[in-house]
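Beneath this line is the structure, given in structure tokens, with notes to follow.
Note that the chains are named A, B, C, D, E and F in the order they appear, and that numbering of residues resets to 1 at the start of each chain.
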Amino acid sequence: MPEPVSATVRELKAQSGATGQPFASLLVVRKLATKTASNGNPFLSVDLGDRTGVFSCTVFSDNVAFEALKNAGEGAVVRVEGKIEQYQGRLSPRLAKVAPVTEAELARPGVIDNLVEVSPEDPAGLERELAAFIEGIGHLGLRATVKAALEDLGGAFQTAPAASLMHHAYRHGLLEHTVRMARAAKALAALYPEVNGDLAMAGILLHDSGKALEFEGALAPKRTRRGLLQGHVVLGYQLVRKAGLKAKLDPEHLERLEHVILSHQGQLEWGAAVLAATPEAVFVSMIDNLDARMGMVQRALRQTADGEEFSERLPGLDTQLLTRPPGKPGA
Amino acid sequence: MPEPVSATVRELKAQSGATGQPFASLLVVRKLATKTASNGNPFLSVDLGDRTGVFSCTVFSDNVAFEALKNAGEGAVVRVEGKIEQYQGRLSPRLAKVAPVTEAELARPGVIDNLVEVSPEDPAGLERELAAFIEGIGHLGLRATVKAALEDLGGAFQTAPAASLMHHAYRHGLLEHTVRMARAAKALAALYPEVNGDLAMAGILLHDSGKALEFEGALAPKRTRRGLLQGHVVLGYQLVRKAGLKAKLDPEHLERLEHVILSHQGQLEWGAAVLAATPEAVFVSMIDNLDARMGMVQRALRQTADGEEFSERLPGLDTQLLTRPPGKPGA
Amino acid sequence: MPEPVSATVRELKAQSGATGQPFASLLVVRKLATKTASNGNPFLSVDLGDRTGVFSCTVFSDNVAFEALKNAGEGAVVRVEGKIEQYQGRLSPRLAKVAPVTEAELARPGVIDNLVEVSPEDPAGLERELAAFIEGIGHLGLRATVKAALEDLGGAFQTAPAASLMHHAYRHGLLEHTVRMARAAKALAALYPEVNGDLAMAGILLHDSGKALEFEGALAPKRTRRGLLQGHVVLGYQLVRKAGLKAKLDPEHLERLEHVILSHQGQLEWGAAVLAATPEAVFVSMIDNLDARMGMVQRALRQTADGEEFSERLPGLDTQLLTRPPGKPGA
Amino acid sequence: MPEPVSATVRELKAQSGATGQPFASLLVVRKLATKTASNGNPFLSVDLGDRTGVFSCTVFSDNVAFEALKNAGEGAVVRVEGKIEQYQGRLSPRLAKVAPVTEAELARPGVIDNLVEVSPEDPAGLERELAAFIEGIGHLGLRATVKAALEDLGGAFQTAPAASLMHHAYRHGLLEHTVRMARAAKALAALYPEVNGDLAMAGILLHDSGKALEFEGALAPKRTRRGLLQGHVVLGYQLVRKAGLKAKLDPEHLERLEHVILSHQGQLEWGAAVLAATPEAVFVSMIDNLDARMGMVQRALRQTADGEEFSERLPGLDTQLLTRPPGKPGA
Amino acid sequence: MPEPVSATVRELKAQSGATGQPFASLLVVRKLATKTASNGNPFLSVDLGDRTGVFSCTVFSDNVAFEALKNAGEGAVVRVEGKIEQYQGRLSPRLAKVAPVTEAELARPGVIDNLVEVSPEDPAGLERELAAFIEGIGHLGLRATVKAALEDLGGAFQTAPAASLMHHAYRHGLLEHTVRMARAAKALAALYPEVNGDLAMAGILLHDSGKALEFEGALAPKRTRRGLLQGHVVLGYQLVRKAGLKAKLDPEHLERLEHVILSHQGQLEWGAAVLAATPEAVFVSMIDNLDARMGMVQRALRQTADGEEFSERLPGLDTQLLTRPPGKPGA
Amino acid sequence: MPEPVSATVRELKAQSGATGQPFASLLVVRKLATKTASNGNPFLSVDLGDRTGVFSCTVFSDNVAFEALKNAGEGAVVRVEGKIEQYQGRLSPRLAKVAPVTEAELARPGVIDNLVEVSPEDPAGLERELAAFIEGIGHLGLRATVKAALEDLGGAFQTAPAASLMHHAYRHGLLEHTVRMARAAKALAALYPEVNGDLAMAGILLHDSGKALEFEGALAPKRTRRGLLQGHVVLGYQLVRKAGLKAKLDPEHLERLEHVILSHQGQLEWGAAVLAATPEAVFVSMIDNLDARMGMVQRALRQTADGEEFSERLPGLDTQLLTRPPGKPGA
């Protein structure tokens, strides 16, 4: 038996035909369900994945991997050894060994980055920039409100994705999208003097804060109970309201800040609770649009292979993006 | 000069051609704006109306009615005397005298009913029925929450219209629509056992409570500042949350009750903050649809003249309603 | 060779990996097509299923099952023996024996229930209730019309599904949905006195009667020729018209009853021929909405596994349903 | 007092400023309602018009025209004498004399043509062409069905408008639109051999026949009771079904002919009961679209003044039409 | 007869009731049509307006103003004297004298500003800024293309409105909107490095250039023939293509620049010829959205009277704007 | 080893179960991508197809087919030998030999027809008919413009598909659709005299000419770079503009011809740059609709198996088509 090759899911899938080839991979348990075969024996139906893809397989109770997977549970990271099989038309390896991964191993540089897609910007830098934007808010009540709201979220704001599907849909994506919007607002501040800068900045920093409550599970995010029953707009509104009361923000600024949160989705059918009716609310919803759309462009540029002229069709843009810059050979 | 005839706005409008005919009417000041003519003199542009219609006219500063109207202000009820003129293509009487109306006069039976459209059901009876529905809620926390929310509104819940345009759009309309939905829910309770009756009843009683905050001005309602900045769904949600916390309602029931409020509009584009995701929320939003639509039917039946086979085209139904019951002579 | 295990389709699918395992199942022939291989030999492409799922497989002409399946035909119930194979990425067993199932066997309790999804309510009870609702119609012409229409359908009304996809989409579903709407109408009758009760009840009992003609094949329903060329609204209208003429229903009641059928879908784009323009038609279309939506809720409650907090995403509700009742441990 | 000038409504309206100018016109009573002034006296609110326009005025009971108008009734043609007044911002003449018009007068050439917009093609010629198209149907059952259906309508088919608003919306418009579609179908027959010519021709001749029942009142058309309760698609379907049964048309051809009627509106939201599912039904619905749209073009060409380069904005085309042909001076 | 008072249209309308009052105003001939009265005499139907409003009146051929207006023609500026009348329900003065206005008079400061709404920014300053943005384009071919395109338009680009209805819909509005977008792009350049700055800037400067061809008539703009037949997107594309060929811009940059023009409307239903498929095109379309929406906010802030808390309902925002800044007394 | 059987893709797929069966087929290389396995070795992921279907397979670098496929490239036609395997749930043969196909072989009758779907009409005949329609254009400038535009396209117009998905989506489809529309226009010419025949004919012949530039690759068509960046409407407009200038067509006819191209898609959301605003443009867009829809009908009739009463559900018609003609046994 040859040495197991360390491989990503994308690499494993590329080896169609290499049946029996041993491998070893670090993977996230994306889904895990216990079922019962007709002979009465239990078996596991499990989805394993990393940032390059996901595959499903079945593990019977006489396999040593059975107990290890059950103990690990959904969302865990495990080291998997096995042999490649295409048993169900798609990759479906036979697992030979499953071992838990220690916190220390996970913390090593690059490890998490290989397991889930992360923001291309350095999270630590983004956090420092966020802190600076907060300090830049001159209105004391607004500044205190932003701090109180983020504190209330613990670290969830810093790691949450910005969306489940469309834009900045990856670890630290919410932080990245928020900071990028703050940069844009700062750059544009002088051009739109009718917009109160402190209100707009506080509104931007908190506009999507409800998303940190709408999803859970850093490695295998899914919608929470309150995400389903209230939605991120109302969750964010409630978070901001609580923070504003705690920070003793005057009622007028609080009302305007709440309005930015309630209206930032732009249209009722996109989830806004009301339509934007203050200069700040209109401004924030338009900056949100701009950065969300540009975020899709940036992600497509990162993910399109070097030789390709156009990206795949992008759902958010409804077309394929020309990914080669002007003047580059081959264009 | 003949005796002034006491006339409704509909009657005044029917007298096109009767220029110079004196009249006297009890009217609401619906809109009032002071403008300046090019000669520098101020004049009033005023809308006066009762439940049968509205007309506009102009009052110059040398008219004795000028000061009386200015003092009365928007939303006031005044006794107006004048002469019919059709001066601007539409009815535009020349006002001769405007006098305020005392509280005592307004309180006389039938007076308010002639000034604004009111619920066809007796408000006092509706209030008693509302109280009985509240007492019928078995779950103590839910019952206390409903009471606390309505208390918080003072009497606004009892007099507010249920909508600005489409259904139950008249004084006591919110109370009437709420009680009718409660009756329907009670009647249907046995048929849908998967629906928790106490939750559904509390949800119905409070589903539109935010409307009492969205509009103001019993005689000439217009959208409030918070109505424009938050909308009745979020206003109702916040009212219920506050009441639930005050009544120490357990978090799970509170979350479900809030969800009923947030989702009762049915579709995001109709203003729902989230889509109904509990049996109670689906049930309440469907009962709301049913009674709103039947309310349009009932209003059209009341307002269509006796001889007519069909109503006017109704915006909410997008057709004309056959108003003559089956078997009636003439059908 | 081990004893064949009696298994449902869901169980067979759960045994991925159990290649070669013998089984025996009672299945419906959902689709059956004869094709010709490039060597000129015929083979069958067949879909077999029960209420838990469906799989496809191929049967060559040298297989003894070939003739048995051809003779059985689409929509038949057969006893199948074979061995599990996952030959095409999905379950694709090798069939060893196919035998027809007698009427007597099919009539045994629970047999049909395992083959197709059926109404959760007892069909015999529903039929008795239907009869009582008919007898409760006071207007002789309307009562006779309902009877004549249902008689014309033979037993098709009692077994048809209420929809192909969305709600009450199972055997006896039409009967169940109709009776449930009748119960709701009866419960609400006192609240909407402007609605003629007999007309509304007759309209409810017949509103979807065209569906019994739109689909055929109790075990593998598909749209009929007239279902495709006329649609259930016009089929129901024509059925009711014929019944009304036979029952000598007076023209005015017939016109109003026909209007209920023609308008019950609510919106033109949902298939209504005209918009509801009588109190009865508005009432019936709203009750239809209410019960259809609640039917989706009830089905999701039945089908969601006990441990799950939320159902799968439901197309008709466009969200996931919270399936755990309030106050239940775990909530 | 000068001689009354014979004037059309358009001419009367052009004379704004000519107050007191006597006139005499032949007009249709478009609407007529008796109302009561606040002094208890009755008065008439009346709309009078011809093909060039319409105006409203009020007639009090002491005017000799009062009784004459009441006796004439809605839809009648009357000779009116009076003086121009602009009493309500718009033309509102003072009527001095109203006299009924005899059948003989109405039958004089050009008289009706001045009262209502009529087809620009000669109705007698259109009727002969219709008869020829009917005779050209080779299939005996289809031919007999078309004859029976048109016979059932009496002369209504020949004079009805084809629409209330959008295209061929004038007297004989239905006849004109039908004959034009028949010409187009005949011209295209050789190009689409998969279309059964007899079925398509019968379908075209009857596709809008329900419109002759949907509207009533040749001079002042309004929607009928059955037009509101059933719509022209179902009315046409029922008419054709009855005619087919009478003509003993075989069931298969009848089913296909009915399907053409039921589907010709093209989309459910435009009123189709089902979507076109036979070659003939697709063909007829597309020819209908083509001629309806070209009918709007033709009407705009007729109605745009000679000097104008573009028509008014046309609702059916959603733009202005360039009405000057290419190469014409001025272009 | 008193001295004629110099009055704006808004002031004239405010004087309802002041019949007979003489006035003198400087007005634009917005629409002018010659019609024939039934007595064969010609008369003029004319719309006269300034930036505060517009009114219609009729001028007969025996009025000395008749010839003067005919000679002036549509779009001209005239000095009008007359007396106030409300002859048609709305203001409809009797004109006594109409005199042409010299170029010199029009050029006087403030004169044009009173006749049509103009950009709130100084046009000369905007033009200088535009020139600087052009000079800032580093890529020689792109810079030359922008220059050639603007040169081709003569001065039309500098005075055209940016829209007929929604945003920056006033004289110099296109220039203002373009410069504001250029400022925003420059401010954001560092944040979106994947966007080629020269391409984006050239795209912004030319994105709406077709609008200078879509409308004509600085004082009474209406859609041109080519505006109706091609639309501003294709007109701009063709202008840019011609300019690019003239400036010998390399094909790749020209293709990308053309794509920005063709796609800047964002959605097909808003008039885009294709969807944005390069980083520059996405960027420009989003900046366009942002500035258009903020332009509506700014205009509402300018136009709402000081005492008002909310603006009128704004069609582009679909709500009323809160116009009072936070912290201001009264809020 | 048995003789390889010559088989189409549909036949190969029908032989599920015939693992190991040798075959030889003529196939198009639809997609070809080089990837790297985790062991560092390159392999090909390739899609092979003919007009009956397509399959994917993987070819490793130690297979002799590896180099042959790489050399052939995407879009090439190759002769493939191998053995049937269903290795990935779907057909995935093991390739043994891949050889290029000579031009001479491809030119043999029927060969291309087996590789891609082609127009059912004889292309040579269609080309002759196209030439005759061109010669029939009386206006010299229009005729020369059509010739110049088609010449500019080389032979691309004659082989291009008319659409990627919906109608006439096959080789020569554009030619076929164009000629069919020209036939229809000629047949209808006498009925719509307001339509300039030469303009309409030139417009029809060129309306979709941009599609010859929007797609490339006769055997495996995909959207070109300019197809993605400009779309077929603008590509066709530019082609026609260039041809018109070359042919010295007078500006007025050129403007009208361009307008037909720009508006033929009918609605902005379907890709029209402007709405049809000339009689010719309305006419061409309606004929386009008619023939496109009838083209879907004809294709469904060709592709539905003889025994079937209804086609599959057709996306363009949104229903199933009744494919059996009236009167045929079995109906």
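Simple rule for what comes next: contacts are C-beta pairs under 8 Å (C-beta built on N, C-alpha and C of every residue); 3 or more make two chains touch, one makes a residue touch a chain.
Because the structure is predicted, anything quoted here is derived from the model rather than measured.
Touch-path distance (fewest steps) from subunit B to subunit F is 2. The set of chains in contact with subunit E as well as subunit F comprises A, D.
Here the chain-to-chain distance from subunit A to subunit E, counted in touching steps, is 1. Centroid distances built from C-alpha atoms place E farthest away from subunit C. The chain pair from A-B, A-C or A-E that repeats the E-F interface, sharing more than half of its contact pairs by residue number, is A-B. Although subunit C and subunit F carry the same sequence, what matters here is overlap: shared residue numbers make up under half of all numbers found at their interface. Using the average of C-alpha coordinates as each chain's centre, B ends up farthest from subunit F.
A comparison of the D-F and D-E interfaces places the larger number of contacting C-beta pairs at D-F.
A rotation of 120° superposes the C-alpha trace of subunit A on that of subunit C, rounded to the nearest 5.
Centre-to-centre spacing of subunit B and subunit E amounts to 41 Å, using the average Cα coordinate of each chain. If you average the CA atoms of subunit C and of subunit D, the two centres end up 46 Å from each other.
Shown for subunit E are the residues that touch two or more other chains, namely 88-90, 228-229, 256, 274, 277-278, 310, 319-320, 322.
Looking at which chains touch one another, you get A-B, A-C, A-E, A-F, B-C, B-D, B-E, C-D, C-F, D-E, D-F, E-F. Partner subunit E is touched in their complex by these residues of subunit F: 226, 228-231, 233-234, 237-238, 241, 255-256, 258-259, 262, 268-271, 273-274, 277-278. Put simply, subunit A touches subunit C in their complex at residues 35-39, 43, 58, 60, 87-90, 223, 225, 228-229. Across the complex, subunit B meets subunit D through its residues 5, 7, 11-12, 14-18, 21, 23, 86, 88-90, 309-310, 319-320, 322. Residues 180, 183-184, 187-188, 190-192, 194, 196, 199, 252-253, 256, 274-279, 282-283, 286-287, 289-290, 293-294, 297-298, 301, 310, 317-322, 325-327, 331 of subunit D are the ones touching subunit F in the complex.
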